[in-house]
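Below you'll find a set of structures to go through.
Two complexes come next, and they have one chain in common, subunit A, joined by subunit B in the first and subunit C in the second.
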Partner chain A sequence: MSLLELKDVSRSFWTPRSLVDIALGRSPAVLRAVHRVDLAVAEGETLGIVGESGCGKSTLARLAVGLQAPDGGTVLFEGRPMSGPDPAGRIQMVFQDPYSSLNPRMTIGALLEEVVGRYHRELSRRERQAEVREALARVGLPAETAAKYPHALSGGQRQRVSIARALCPRPRILVADEPVSALDASVQAQIINLLQRLSRETGITILFISHDMQVVRHLCDRVAVMYLGKVMEVAPVEALFDHPRHPYTAGLMDAVPDVTRRRGTARQPVSGEMPDPYAEIRGCRFASRCRFAEARCAEPQRLTETAPGGLVRCWKAADATLPFSGGKTLT
Partner chain B sequence: MTPLIRRFVRSPAGIGGLAMLLALAAAVVVTPLISPYDPYALDFGNALMPPDAAHWFGTDNFGRDIFTRIVAGAVYDLRLATTCVFGPMILGILIGLCAGYYGGWVDDALMRITDIVWAFPFYVLVLTIVGVLGPGEGNLYIAFFMVNWIGYARIVRGETQIIRRLEYVQALTILRFGPARTMLRHILPNAVTPAVVYSMSDLVLTVQAVAALSFFGLGVQPPAPEWGLLIVESVDYMRDAPWMTIFPGLAIAWVGVAFALLGEGLATAMKPKG
Partner chain C sequence: MTLLSVQDLVTEFAGPSGTARAVDGVSFDIQPGEIFGIVGESGCGKSATCRSILRLFGGADARIAGGSIRLDGAGDLAAMPERALGHIRGRDVAFIFQDPLTALNPTMRVGRQIAEVIKRHRRVSWREARAMALQLLRDVHVTSPERRLDAWPHELSGGLRQRIVIAMALALQPRLIIADEPTTALDVTVQDQILRLLMERRAASGTAIILVTHDLGVVSEVCDRVAVMYGGRFVETGTTAEVLDRPRHPYTRALLAALPSRAMRGQPLTPIEGTPPSLTAPPPGCRFAPRCPRAEDVCSAGPPPPLMAHEAAAPRHLDACLLEGMR
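Up next, the complex of A and B:
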């Protein structure tokens, strides 16, 4: 059984209408940030969610922790539907911006101690402080960090504190929303390794949201590719990177600069911009940018299983003679 | 709180303002002990004396020592000003926090009330209240409490709306911290700085407003040596004994400048780093 399951989950945002709009009977513009997504997260795995900015991956993260309620479908945690954040704190989140994710007026020790006290009320002050030291050690920070204020820490150290805070309630799932995209490359690697170690040592389930294909490839067991609020492809990480089955996945991978690529071999990254997210698209959402688009793509596409553990939302994926395998070369 | 004090001490404006207030406080405490004059006792033989070594600020038309009266009046003005600022300030901060944190209909309701109170010109409202309830210090408090919270509610609401969206507040929501704790312990300390700074300029304005209302006969009643009253009593003698007007005026200015400088110092000290 999957630990966390999103069933037909949608979340839309409405732009407020002006009085003139209401008088003229115009319907409000709807942005379908997440549109009828089905996704299951298995116990202990690290599931990556990738996509360009604006594809709805952050909204998906907020739905997964219960920070936002879906307006369609249900989010199941341990088989039970969620309403709001888990009362026992078993799903926690690490945020993107290390500079706004810690209260600037509290020392690291004070803010961690408060969280420890919230979840382990029986502990004495001394025991709580010991717990704080342990929490810092878990994320590779020295005990002296407890006396410091957030402004005295680097971005990477702050992100470690965020992870330590998220781990205090002993969660089963850690949702990480772009936790490294605001950090330097070398610090990124440290945080990724920390998450990897946590996953290996504690078996915690990680939902890792990112736009960085390389990082996802390094960290994740399985990857879901999102585009305009829909999941386009889900596959185990090696299968996805070796044989992307959706043209969008292939294009995303080709957009990653690769210094080892031979000169003269052609890259075919996704070109153009995402279409207006407010527009109603009936058929394949990617068709307007797809190099292989045909008339049939104007029809709604279903997420179908093409390989074991792999789901693709493209009717062409069943066709074995696809020209985009491996994201490497075309004829 | 030590870093706050350390940064405050380094700000010359803040120290200057504090020193001016402490000087006034020292005068209030010491003067009754060493002054040979009673602020209320009449002495017609020495009426309208210009400032000299015996009467530093001169005497009024009843021969009372103006310096002694000003110092005694400071208690009235400071008590009125601080109560009329800090009381409504607490009220306004709580209202602003709730409006900004909950948003939606709570925000709508509280802000409409704010707009309604805001729409009344202050002095018209005070005149109405005092007209109905009669003049006096107690009714001044009622008038100020009804009006003075608005600025704080608006400032804190705006700050709260920004802070509520920050990731550390969202983390608290996921960690299931209740709204009271989130608001008071995590949002308030980061939202209150502009309100505290504003309260200092509000004190300046309120000292003037208290003096003005007493001047119109709506506030503190004679023979209390409240500064506004000192000025109103001097009006008939302004040409022959200008010191009767000038020194109470300078006292109001002294307090105003002191609070303005103090506010400047607090603003520097309370800005969080990073």
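Up next, the complex of A and C:
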């Protein structure tokens, strides 16, 4: 059974109407940030969600934690529908920016103790402090860190603290929204190693949201690729990177600058820009930028299984002769 | 002929905790038409280096405290009065910022902004300037350029805005474009398009480009030569292939080793332990020595080691590792 399951989940946002709009009877513009997404997260796996800005990956993260309620479909945790954040704190979130997500006026110890106290009222002060020490140790920070304020820590240390805070209620799922994007490469490596170690040693389930394909390839077991509020492809990490089935996945990979690739290497990255997210698109959402688009792409596309564990939202993906470059086929 | 020659550049920023030497003795040459990358992590001084060339410090209390910046035919920019430098900016050397929205005037239509840049340096009518702006939008592949001339910056996507900024940079056919993290705020697919555009314009007009980035992948796919910067100093320079395929300085090696790569999937990465040096009170000797896995006692004494060639076969592949020179 899946630990967390999104069933036909949608979330839209409405732009506020001006008085003129109301007077003219215009209906508000609807942005379908997440549109009828089905996604199951298995116990113990690290599932990556990738896509460009505006694809809905951060909204998906908030839906998974219960910080945002879906306006369609259900989010199931341990098989039961969720309504709001889990009261026992079993699903925790790590945010992108470790500078703005920690209260600057609290010591790290006080900050973490507060979180422990919220979920475990029965614990004495001493027991809470022991929990804090353990959480710090689990993220590789010395016990003295508890006495420090956030400003005295480096970016990497702060992100460790954010992870320690998320671990305090002993969650089963960690939802990390771009946790390494604000960090330099040398520090990023520490946090990636930490997440990998946590996954291995504690078996915690991780939902890893990122725009960085290289990091996702390194860390995740399975990957979902999102575009304009929809999941376009889901596959085990090796299969996705070696044989991308959706043209968007392939084009996205080809756009990633790679230190092993030199100028002039044949590539076929996605061209153009994302269409207006407010526009209603009936067919394939990627068709306007797709090199392989045909008339049939104007019809709605379904997520279908093409390989074991692999789902693709493209009727052409069944055709194995398509020259989707991606990954290593062209380079 | 060398287009730009920077020698022993020192740039200082005044701050509450003392004076920080963000750039401490940096030297490099740019040839016409070449793309030169400056790569490093936050706070290494890469942005301060390129901003020093045009003294674009954005209100920060900064000054060039030493060295020279010679632009072919224009003399030493570092010694030039502000007013004279104003004639160089845009005309000979153009600058592209990371965030296109702050580089554009939000209260002026796009076409007018480009025309204004042209009018400031050339004697043309508004009508002519507007026609030139239209051609520039075509050059940077803006779709339906006639319509975009009358657009406001906020109506455009991030990618389109950066194309407009590049059109403005190209307006006066500068000999050098300095691009400070021009694609960091953009999605990878748009980043790829903008980088291709820069390379295409370089090929079409022969403009040299200094590209400042934190992304070694971008360097690999775009630059002819590259300098790796750490703690206010260049620690290694050479052709892109020399530096990325045969890195010699321990910092360059460490930076490459920290990247996730396809071969290492599932294996732990190799982070760089420790923190970058203070620029107000840098450590003696090599600035990377306190974090360097190979460091010996000699590395932490005396002045920071200079860039040197260590191989007869690669006379322009320079590095600043003392141990490399003693081997």
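Convention: the second predicted complex is superposed on the first by the 318 of 331 C-alpha atoms of A that agree within 3 Å, B and C clash if a C-alpha of one lies under 4 Å from a C-alpha of the other, contacts with A are read in each partner's own complex, and residues count from 1 in each chain.
Criterion: contacts are C-beta pairs under 8 Å (C-beta built on N, C-alpha and C of every residue); 3 or more make two chains touch, one makes a residue touch a chain.
Computed from a prediction, not measured in an experiment: that's the story for all the values here.
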Clash-or-fit label for the pair subunit B, subunit C on subunit A: fit
First, second, both or neither for A:R165, with subunit B first and subunit C second: first
Subunit C, subunit A and subunit B - angle at the middle CA centre, rounded to the nearest 10 degrees: 80
Partner touching more residues of subunit A, whether subunit B or subunit C: C
Which of subunit B and subunit C A:G251 touches, first, second, both or neither: second
First (subunit B), second (subunit C), both or neither touched by A:Q214: second
Subunit B versus subunit C as contact partner of A:A185, first or second or both or neither: second
Which of subunit B and subunit C A:F241 touches, first, second, both or neither: second
Which superposed partner A:E273 touches (first subunit B, second subunit C, both, neither): second
Partner chain(s) touched by A:Q196 [first = subunit B, second = subunit C, both, neither]: second
Overlay on shared chain A, then closest C-alpha pair between subunit B and subunit C (Å): 13
Residues of subunit A that lie at the interface with subunit B and also at the interface with subunit C: none
Subunit A to subunit C touching residues, read off their complex: 52-53, 154, 184-190, 192-193, 196-197, 211, 213-215, 217-219, 237-238, 241, 251-252, 255-263, 265, 269-271, 273-274, 328
Subunit B-touching residues of subunit A, taken from the complex the two chains share: 65-67, 85-87, 89, 91-93, 95-97, 99-106, 115, 118, 149-152, 162, 165-166, 169
Residue ranges of subunit C touching subunit A (in the complex, touch as defined): 41-42, 157, 159-160, 187-193, 195, 199, 214-222, 240-241, 244, 254-256, 258-262, 264-266, 268-272, 275
Subunit B to subunit A touching residues, read off their complex: 166-168, 170-171, 173-177, 186, 189-190, 272-274
